[in-house]
Each structure stands twice: as C-alpha cells, then as structure tokens.
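Please find one structure pasted underneath; my questions will follow.
Think of it as A, B, C and D in the order they're written, each chain with its own count starting at 1.
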C-alpha cells in the first residue's frame, strides 16, 4: 500500500500563526543529473512550501515525474534519484497550498500529453480568475482531475489551436490573471514566465554555462550556480539548445513586486529584485527604532524571522541585542499533550525562553509581522513567565489588514488582528507594555524606493493598504453571484 | 515521502507464465459503509488483478478516492476505511494492466469534474480503438494525464454536448469499441455497462434490497449478497433512488462472451453467464480424457487452476486423482538466489513436488492451458526429478495461437508455444511422454453450447481460432501507418 | 522510527481455530550466501510459524542477526540480504509463540557473547521446566531480557564451568526437559539437537556436500538439497570443518515422536521420521471411511489441510471427491466489517462455498481435526447456506481432549470441544447430520505402527490420550505452589 | 518487516566536525501519562543525541519499553503513546553512541528481570573500566546481548547478593569508574545517580509536586516543571512514594564537572551547575575579544553554537554583530551529489553565505571550538567565495588536544588539529588572516571560577590540558596487553 499522506506530514499546527506562501519553483536545462540538481535547489527553497514537493524530468525519450507529500529531504534524498528521474531537463516544485486541497493529485509539477508532445508545468502564485476559467473549460467539455491552477493553464495551452507550443503557451498566458511565476519543460525547452507585474519572483542563474531558473537566489547558491539576473515582470524566457530567448507576451506595465517577500517569505541570504533581503529587514528594524522607540534594556528577536530587524533596531537604538528566545531545531510531529504540567507546550516545542537574558529586564521583542496574534500572545506570556520586568513588542511591518489573492495564505479580515483592532487594543490583547508597527512609509524607506506613489505604487502592498494591483475576477463574481462558482468543484480527496 | 510503488509490489515474475486479466470491477448503491462493502467485494475479485486497486465513494457532498499499488488486503483493510472513504455509493477496481504502464496515475477508478458534477469510472477490458480516440481527443486540445482507457471514456462523456449525463454517457459508449464492463458513480447514480457482445462479465446482485454490481458472483458471496442476474450483453443499467433502469444503447447483436473466463480467469466458485465455472472445467477434463487418453497410474493437477479439470479427467478415466504437486501459500517478494544449490528456485517458491505420489509412477499432469510453455518445462522437470517414471501433460483448453485485444495480457504470436509448434514438437520441447490439448469442439461441448457455429460463434474464442469478434481499429491503423499511433504517448512514470 | 510490529502483522484471527506450532528451525554450514539459503529454507517452513522470523550468520569475524515480526518473504526477500547478513554459517527460525509474549525481544535466534566466543541459538518446542530453571538462574544473579526458552538455554551454557563449548552445551541439555529441536552456530560449528524422545522433528540434508539442518524435508527440497537422514531422538550433531560428529548426551530411551506433526503441522510433501505426511493423511482418511461410513453423495475437504484425508476417504468409500469449498489465496489484514450484509465474513475471507458441488447434495466434510469447533460451526453453516441437503462431518484424527506442553498452542481443556462433549453432543453443536472421529487405533494404523503399546506408546499422543511422555515440572510446581512461578516474570512489551 | 534502521536515520555526515555527546536522560515519578511527559522531555534533550531514543514505563503491573533509531519526534510523537507505554513511572534516553555500535540492541533504556523484580536503566556518560568489568562478568558465565555500558551495570546489580535492590545498586556503583549520570525505574522507585566527580550533569525538577530527573534544565522548561537543584557529584537519589532520599555511596571528593558542557553541548537556555550556558558563552566571547583582538569590520558567528560567543565578542570589541552565515533549518538525508556544479554541497546543505554582510568586509568568524578543522576549512572558503576581504577565525575555547573517555565522541590525538599543529600552522591550514583560541585561564574566567587550580582543577578539562580526572583502566590494560581486551567482543549487528 502506498502510505496515506496523512501518516507522513503534519497538518498545519494551529498555534502556527505565520502567513504561508504556496510555492517555490526551480528548473534546469541540459545538465547532467538534472533531477539531483533540482532536488538540491528545491531543498534550498523548502521555506517557501513544506507540504509537498515534486520533480519532473525529461530524458530525451519520455517524461518522469514523482510527487510526494512532505519534505524534499525525505522525498528526493537517497541513492537512486537519477535512476528514478533520469534526464538533463528537470523542473521542481515545493508547495504549500492555497488553491486546491492538500492532496497528492494537486501536487505539482502537473503533466499533460498534448498533440505537440508532453509538457510538465509548475507554478508559484495564484490565478485570480481561476474559477471563472475552470468553469468555462468544464462547460466546453474538458475534464479536470485536480483543483490546481496548473491544470487550468495546461488546458488553456491545449485549447489553443496555434501550431507552435510557444504560441499556445502565450495564448494561455493572455487568459490568466493574478500573480505567478511559472516553469515548464517540454521535450525541447525549458520555459519560465513571470506575471505582468512581477508579483512573484523568479531569477535566472548559470550553472557552468547552463541556464537555471529559481524562485530565489539561495537556490542558485546551493547548487553552485551564478546569479545572472531577475526574470523581468511580464517576461517569458524560452530556453533551448539555441540559447535563451526573451519574449514579452503582455502589454507593457510597471513592475509591482510583492513587498511581503521582503517582510517574511524570502530567505535572508537571498537577493530579490536586486535587494538583499537581510539588508532590507535590518533597515526595517532601524526605521522601527526611529518610529517607535522605547525605554528598554535589551532587544530580543522572535527567532528566526525577527533576527535581522532586531539587529537593525538594536544598532539604531544603541541597545544590546540578545538571543532571549531559543529556537528548537528538532521539530517532530504532534506529541501527546500530557495531562500534567503541560502549559503552552505548542509554543515551547519550537521556542524556549532564555531566562538569563530575560529575567528582570525590560525586553523589546521584535517580530516580522502580526497576523492573527495567537503566536504573539504565547510568546509574550512565555517571556513574562521567564521573569521579564516589561515586555514591549514591535512588528517590523505595518498592520496587516487585508487578505491576499496572489499566493499567500492569510486569514480573512475578521481574523486579522490589526484589521479589527487599534494599536492600543492590540497592546492590551497581547498583554504588552507597548506595541508598535512600522509605517507604510517606513517600509518603503527600508526598500530604498522613495515615498510610496499612491497613483502607481512601486510594490504590491495591499496587505497593508487594501490597494490590490489587479482586478479579482473570481471574487467579484462570487460576491455578485452568491458564490455559485465555488460550488462547482467536487472536492476530491485522494491519497 | 509516499513510498515509491516499486517498494510495495513485485513486478511480474518472469517465471510466471499464466495469462493475465486486467481487472475486476465492483459497485454498490445506497448501502451503509459502501467503501467497506466494496473492499470486501474487491478482495473476492483479487484473482482478476493483483497489481493495484482503487475505491471511489460519494458521501452526498463530495467524492473520495484512494488508489494504491498492491493488494486490496494491504490497501483497504484496517480500521479507518469508512472515515477515509465515507458515503453510501462506491465503486472499486482491482487491476492488472494491459493498456497503460504500471503507474499509480493509471490506477482506477478515474475521476473527473464535469459541468454536470463529478463522475468516477472503472472498467475491466480493453478498447480496440483507444489510440485512435485518444489521438483525436488530443488533436481537439484535450489533455491527458494517464494512459488509461478510462480517461478516454471520461473525455468522451465530457465532450458530448447533450444536457443529461446519461445521454452523454451513451454518446461516449457509441464511440468506443472492444470488450469491457464498466461501473461508474455520479452524485446520484450507480451505472453499469457491458459491451455489445458481452465479452467481459458483469453481474447484478442484491444486498438486503440494495443493488450491487460485480465482475463475478464470488464477490456477491463474499459480501452476503444474492445473485439476481447477469447484466446482458450491450446492456446499460442506471441505478438511482427510483430503482434500476435498463437501457440498450447499442444495435442488437448476439452475445459472444469470452470463453477464457471459463478456462482460466474466473474463480471456480463463480457462476458466469449462468454456468458454474467449476462444472465447466470438470467437463473440460472429462472430455480431455475422452479425446486424449493415456496409460498412466495417477492424475495430478498443476495447482490450483488445473484441479477441476484433473478431477474430471480422473473421474472419466477411472484413474486415481492425487495432489502430486503442493502449492506454497506463502508468496514473498523475490528472494536472493543463492549461488549454491539453487536450481529452479523460481518454480519451487510456489510449487513443490510430493514425492510420495510421484516416485515411480506414470503421471498425467493436467494444466488449464499452455501459453509460453516456460512454466510447463519447469513443472515437468520438477516432477521428473521427484522420480516419476513417465510424465504426460494435458492442456484442458485448445492450443493458444492468437493474442487477445480485449483485456487479457498474452504474449505475441511469436511467443505463444502452440502458435509456433506442432503438438509433437511441444511434447519434445516440454520433455513429456505424451502431450494433448482439448479440441475447440471439446471446449464447446464442455460449455454445453452445442457445436461451434462458424458463422456466428457462440463465444469469443480467437485465442484458439483467430476469429476476432470485433474489428481491431488501432491495430489496423498501426499496421497501415507504421505504428505512428504508438509514438504519440509520452510514457509517464509517476509515483 | 522503527515501525511498531503491530503495523506489520496480524494478531491471531479469533475465527482461526487451528492449533499452532511454535517454530521451524534451519541451519547451514560452510555454504556461500548462507543467509540467502537460510531465507529460502525458512520460507519453506513458514507454515510452522507465521508470526516472526530471524536469521543469524557468522562471517568469520563476527555475528550478524536480524529478527522481524511477520513473514520471511517480507523480512528476508529483496536485494541486500547477503550484505546485511554475510557469512557461510547461518541459522534461522520462524515462529509462532507459546512461551514468551509476542514481542521482538523474544524472536529467535537469540545471541550471547560467552568467554568462549559468541553463540546464536534457535529452538522449536517447549521446555517443561522453563520457569523453574529461569527462577533458579535469576536467583543466582543472572539477568534476563526476554521470556524465551532460548535465553534460558544460553544461560545454562554460560553457567557451565567446563572449558569446551560442546561440553557446556551438553551440561545445559542435561538440565532442560521437554520437547525440542535446537540449532546453534558458534564461530566454528553448526550444532543440532533433538530431545531425548524425538518429540519435535529435525532432519539432516546435504547441499552439494555441505550439511543442512531443517525441521522438515520440504526445506531441503526448496533449496535443492538431498535428504540424508532424520536426526535421531536424543542425538546431538556437531558439524565443523572436520565433518559431522554424533553425540548421545542423554540416557538411552525409545523414540516417541509427536503424532500431531502427521495430523496437522507438517507440510504434505514432507517426509517425517521416514513417513510421507501425505500418505499417512490419506490412510487416516481411508480408515475413517472404514470406521465411520455414511450415505452421502460427495466427499468435500475443508481446504487445505483436509485434502489428503478426503482423497483417502473418497477412494476407500468409492465416492466422488470434489472441491466443494474454495480457498481464497489472498489473505489480508482484518477488514472493516460493514454493517450491512456481512454475515460470517471471517470465514468467507478464507473459504467460499462452491454451490455447483454442494447444492442439493448429501455432503461429507473432512477436516484434519476439531479443536474448539468454532471454525467447524461456520463452515457447516456456509455449506448448508449453499444448499447442501445433508452435511456430515468427519475429523481425520481422534477427539482432542488434552492440552500440549511441547510447543503446540492449544486451548485449555475447558475450551477443547471434545474434552467437554460427547460425539452426539458435538454433532448437535456443529449442526451436522452425522459426526465421526478417527479412533486412536485407527490413527496408529494409518501410521503403520502396529497397535498402540500402552506401556510404551510409539508416539507422543497425549492430545488424544492424556498420556504425557515426560514429567511437567513447571505445571506441577504451579499447581502445588498456587502459580507463584508465573508471577516472577515482569512481562515486557518492547517494539 | 521491521524496517532496518539504515533506512531511518543518517550515519554521521563526514563533513560534520562537531564533537558528540552520547546521551540525554530523563525520568519522572508518579505522574499521569508518564511516557508522554518523558517524550517531551527527551525532545528538549534531542541535541544531546540524535541517533536513537527509548522510553521504559512501569504501569503497576509490568514494564513496557520501546527503543527506536532516529528522532524522538518521529519515534514518540503521535496518538497512541500512552497506550503503548502506559504507567506513572517512566525513564527515557536519547543517544549518540560511544561505547557500543549503532544497533538497536544497544539502544537504552536496558531492561532486566531480577529476582527482586524488573529494572530499567539508562545512562549518559562512559565507564572507563567497561571492558575490564565485562570480561570479568563473562568469565563468570554471564551472557551479554549488547555492548552497552548499561548492560554491565545491570549485571553488577544482579550479581550482588544483598537483599535490597538499593544496596545491590550501590554495590554495582562501587565497581564502575568513569563519568556518568544514571536514571532507573523499578516497580517502586525512580533512582538517579551522578558520578563521584559530577562529570556528567543531572538535575532535579518538580512537576506539580512530582519529582523529575533530567540531564538539563531545558527539559524541565519544556514540560513546565520547576528547577529544584542539581543532583550533586557522587549523589544517589531514591524517589518513591515516601519522598526523595539522598545517599552518598562514594568516598567524599571535590566536584569536577565537564567544562565542555559549557563550551558546546548544553543548550544555551539551560542552567548547568548553577550557571547559565548562554552567559558563560557570552563571557567566553568577551574574553576572546580581550585576548585576541583584530582589526575587522564585522563579527559573524558560525551558527548556531557560535552565536552567544560572537555576541560577547562584538559587545566587548564594539563591533557590529551580523548573521553573515545563514543556517538552513531543513536537514534531509544525504542527497545525491550531482556531477555538475556541486562544490562543497555538504556544508551548503546546512549553512549558506549572506553575501550582503560578507562582501568586501573584514570578517571575524566566531566558532565554539575547533576539532578536526574540516568544517572550518569549508566555512572559511564559503565566506571567502562570498567576497570577504579578510577572514579571521576565533575559537571560543582553548585548543583541543586530548581525547575524551567520559562520553564525548572525539577523534584520536592524530586527528585533533590543535594537537598536531601550532596556531600559526592552523591559520595557514584553515586559510585565515588570523587565528585565535581562548586561553584555559580565559575559559576559567568565563566560568567565574577563579584561576585554574592545577592541584585540584575545578573542572574536567583534559581536552585542553591532558589532565584526566580519573584513572583510565581499560585504556591502561589495552596499552599494556596489546589490545587483547578489545578483541573479546563479537561485534553484533542486529536490526
């Protein structure tokens, strides 16, 4: 029996309050052991999606794919990978799901046999007209076996009647809306696409003369590849034995990359759109120190994502930076909660208080962002129990007030703490002596982007501003039509 | 990591010379714990396909499917099945593959979301115009994610523009050719179909007032259901809360069921098309004794499929029947072949000689059929090494000379022993003192069907006669077009 | 995590009413790939114990052991066995447990480091003074990590102060009582021992000039070895590079092998103490036909163990033998019992009625023995439901009235049907038209042993007679001391 | 089949140059769900041993144990732990092995049935007279089934002829030499022992009024228990329903705890012997800045163990502290090394360079210690490749020159970089612009212990000084006898 995925990975920890991104993508062209290179690349992108992963390779004769629930290091480590997934072309995907339930059928890459040959495709992001397109395709008599965006894109490619695959792919791109980075392989090409506004990231690297595509530069570092450039917003790159061709299938537009990549998602050692994540985060911390100072003894990050901002805050404020909270590197499945003595075990499994730093101190805690606030409540309580005299909390990003539709898994407005409460209320709810958020202007300052241009904002920043960069077709229809569209899917659970 | 199927089941043993059938199907409507009932039914049909199995259920809200490599008893036993696959409608499938590689994506039931709602479908048999249809569908811009017949049928259903699902299903049936039994569930109905000639079997049962469909009656016995009747050739039954409706979507034709079900596939306790498999096999043995007598001491079956014919032979010939070969009930994965002492371990893993019966005796071995002959060579050698004075061999079916295209996995003509050699040659090759086959007329006699009518043969019997009951479109095109069609599939290997 | 055994094997099916033997043993000396040869040998002995299995090998430098819950074909098949268990000496064990709970720590072979070097030991059988010895050893300050007989024997060997290992082994043998066959390897020798009465079987074979020990001859056939002779009762064989030495460590006694090996345990193709199991069973059936005739239409075995006796019965009585009950070869773990339609699923999982043979017939069912009767009740009911006009039942062995203490797992007297009820009562309880048992004299006749000598019975037959061949020390003490001894073990459950 | 451990955990990564400690121990008395509490405690001690783990519980009637290769979070998470391991007493163990190969038989806790009842025992540390004792016990006729220290201790307890278990335990303690912390449960008591010098740590906590024993305070924090006190050097605590009794079975001695716990092993949030690990490490960094200053731009820790010292260094030197190296939290099994592009993948799997911090900078790297130097070479190269202008390296502990015999896995002197090379040579070998080590006096200063007293050193510090705190009997004998003792073990490999 193929084990049911439920045995092999943990559903989302209810205490885990972090926003989630759905994916990392990776692709290589014309390298030996392409699947092994891809596995390493995906391992470096694991932070972008821990729920499932997949690799598709082409070996000159046929396509090979494996898709698994769980970590890359469990699914694609071990000795026989290049036998199982042979070939010199490969793409890979690591995923947390937004659209599509948590089932193996929705794991990417998705594959289809077309009359032009096979194609495997993976994407990071979310289509804002997914339901509309899917409903249309189904009405035309097309069948769906998953609830994934990628299957919609494959159908659109197949539906186009133009003779060349690239033209069909462009036809498909012109129908989809939203934020996405795509990678695909055919029997001849590696293709990469970034959405018209460049909401989701995608970079081009070079591995000893061979092209590589990846969501972040840290994947290039892992495999020893050189960073070449970001794929531009609205750019489609076609890589084959003749070289790299750059196409612009969309009308010209100004870039508007997702600012949340800087706040939380990307790894600190990555460089996204030309900016070091680590440096941006430190500047967020610096600016936070200027905007929301406090009389404290010590600056303590909520590890690990709060570390750079806390360093920036401490440096700017001239305060000592200390690891007052220690992260446990061994994370297991959910333990049984013993009846005795187990208070707040959830947070303690991951974080523990360093009493030597906290006891008797006025502590400034720095976190990257506040979503529901449930995690913050527990961390603050833990720090108080460890003897802190005062606990102050700062969010290195502005109040999150609006949900995302471009691939970030966030709660509804009703569950976003800052959408429902004032800063004063939040301080009271979280039981902190003072609470502060970075301003939107402060965030733009940290990006070194000048002031925010309200007419043409430089970044996708609706989480803080409510200013969505594209129309939201499915949502508009759903609101108009009383959610008819939603009911069209027969939610499928498949092991 | 979801284990790769390769860890979980054994590829076909090269010593295993038996023909293979691709599938068993099962369906229940409106019973509590439908998936548990289906699991039991599939367990009883395990002999029809040991490579993979799947169940799809509908619980009033959505569809649930699980598909696994390996045995029903490994995949669907255990405690939480009805939680994993809830609902009162279910279909199931157990499979050995003909069309479609051995990959989990090809495991049935297949599911699709249509605009009329979801549908899950499973089939036993083979479409003789599969490649032609698939090529046509792909040319229309439809995408395929498996190489299974079932996906073609789902596409045909989806393509039909008629408003009612049943009408679309009928449209699809009118396009497919070959031998098949289908079961499907929608959110309202259980549907069963048997091909126009009734090549593959399908029976209707009754479980405490609720309809059941199954490939063989032994599945009804397992779940405690009553046999109602065979689904007729060319009949489509639509089961819903209003009862059972019988449709005839095809032009009228005479039935021509597969005679190999009687020779080998069906379980001896099943009744197929009104005839007990066990009794037919015994009559084959009786007739064999009349047609090919020999001066022997003892009649010994090659277990287990040769047992009824050997009993018939012994009774007719007035000779003692003895279990001269013992079957080992514990079958494991492939063992390492030790360098020392290991002659013919392959056959000995499954069969062992009972020296007390064989030593010094003139032995008549009865097997159900001879395919490649590789297994017979080994069994004969084992019996001789156990001290038999003479070894005679009889096949309880006529010489197999032609391959099948309706769901039975047989080698090409070049590898069918009786297609290449005379009976005398076969005796020499297998090293037996005499060799005999049942005649085609003898087989019809055993079926109590009267003499074979060459103009309208009562059974599908091309394995012995070369007389195929339908046109073979894919094959004709492949021969005409130099196998272009075959190359259209990108063979996909997916865990 | 090492999987908990509970995931990997099924606890005894409560419907399974058969007696169980605890073990098969196997050993080879000086052959290439000794562990692979041993795995094959154990596979042939799987019928003697399906709960767990183990192999120990010695590669010239050190010992290697693996012990697993479950089947040989799951534990020791696959590619790397000779790497995991290298060497030219090996012993193996397959087990159903009597003494010692079902835990991996009790799985054999057991190993110990002595001052003379390492020793690995496995046994089939049961020590009747196990608790007494264990208590004594513990009182001397020795520690136990299992509840297995083998650990007691290892302690006794270690405790002996004689310089040579063989002498220490003999010291140990002189302390133990009961019925057993032992195999052991040291860094120089393969050792085999059969208890003073030869209760448990052990044979010597020859694999291309190299000695082999096995519980039954079927293991020799599997590996292609030649049968040499039975190890005699009370014989110890020491096999090393100087050849095979035979010792007699016990006072002279007459052999008294277990007659239940012939009735049920041994495989029909095995030859035990010079007699073919199959032929003995057929003679039991013949004699049964003489002793308990009936006016019936057909003789039907309860498969598979009833087949030879049914053949003998039918031949003697001149009645047709038919496979009226079909055994299902696919046995899974316990399925969920659906609420609907599931009557007697337990027995139907394994056996199904062949209505064509049974309907309207007066049926003579032949089983090898009746223990609790629970299985018989279900089989009889199934046969009646299939339409039998009359159902008669015969046991090919005498009424079982006494429990065993030599390695056979049987219920207490209170649960032995024939210990509590007359034949007439049994017929009523099982709902048969007539009931019959073979007589003890008939059983001896089938053994061709002459009449039973009450002073010196030729066989161990206390199950039928209450005449135990040895004293039962633990039992006597337990009865005397109010079961104090039992309480001394801290029953340990270990994954 | 129980999976072979090799599938479930990774052998030591050859690039991993860190010293390893063998164990963490944990015990609770009289709490509900004792095994669940123990699992949480072990999870917090996972850093002390990642190779295997085990729990033994006593439920009033019997003992239950499970021992697994791999992480606590894999072995003991999930739903049925308290069913598998019921009871209110439990001890647990997490392990990296020094004595005893990496086999499941050596995993602790070890269990034995004594005449006083069962006992389960686990230890952290190493006996320096293990081989001598084992040889003596074997010569007395005792048998060994593992190569673990714990089994020797159990034998010594069993061998004592005193009537009370506690007295026998004390007899055993008086025979063993070395550094150790022991926990044990009997059917009445929880026992803890710390070696005469207190080399290995052990603390007493209180969980809602019930005693807890643990290697480090972080395990108390995890379960919500209150720290009570350190178990003292040479103290034995007997915990039963009458309370906690403290015994002193050894001659009086001055404490001499292992200083390496502070340098590397203990978690930064633990308090060992009254001192915060984090604060000691920060003081090591401060002192290092005083002793070995350099003209650099930025202080960068080798994460995670170098972080506190790097903070101390940066604070003392007035230099910016930056996370110039990022640790990857997802660690998988060994990946296939692709032929292309894969330079130094080993180190990159765990650490990646943060170019924004390193490029063009004079970088001061702070590591906790240097063992072989292999890891340092790779980290320095990675930092240089990321564009650092200069790379300086500091070890926050003195040069390691002598191996350990008290439970720390370190290479021989030949493989200790600082035992073979001068500081200048080391700088050249590691390719750093300057190299510095903390002095032994500096380390004592960081411990706030005053100057090292050469007559009676306050700590076990032989790694740096060669001054071993006890005699090393096995080693002396081995050197004298040409390693005869070593050859006595038949190394056993058991799955």
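Definition applied: a contact is a pair of C-beta atoms (placed from the backbone, for glycine too) under 8 Å apart; a residue touches a chain by one contact, two chains touch by 3 or more.
Here the structure is a predicted model, which is why all the values come from computation and not from measurement.
Listed here as common contacts of chain C and chain D: no chain. Counting hops only between chains that touch, chain A reaches chain C in a minimum of 2. Each chain gets a centre from the mean of its Cα atoms; for chain A and chain B, those two points are 48 Å apart. Rounded to whole angstrom units, the spacing between the C-alpha centres of chain A and chain D is 37.
Averaged C-alpha coordinates give centres for chain B and chain D that are 60 Å from one another. Chain D has residues 74 in contact with two or more other chains. Taken chain by chain, the contacts form a single closed ring in which each chain touches exactly two others.
If you check each pair of chains against the touch rule, the ones that pass are A-B, A-D, B-C, C-D. Of all the residues in chain B, the ones that touch chain C in their complex are 31-33, 36-37, 39-40, 43-44, 46-47, 50, 71-74, 76-79, 81-82, 207-208, 210, 218, 221-225, 267-269, 271, 276, 278-279, 304, 307-308, 311, 315, 320-323, 326, 328-345, 348-349, 352-357.
In the complex of the two chains, the chain A residues touching chain B come out as 1-5, 8, 61-70, 74-75, 84, 104, 110-115, 117-118, 135, 138-139, 141-145, 151, 154-155, 158-161, 187, 488-495.
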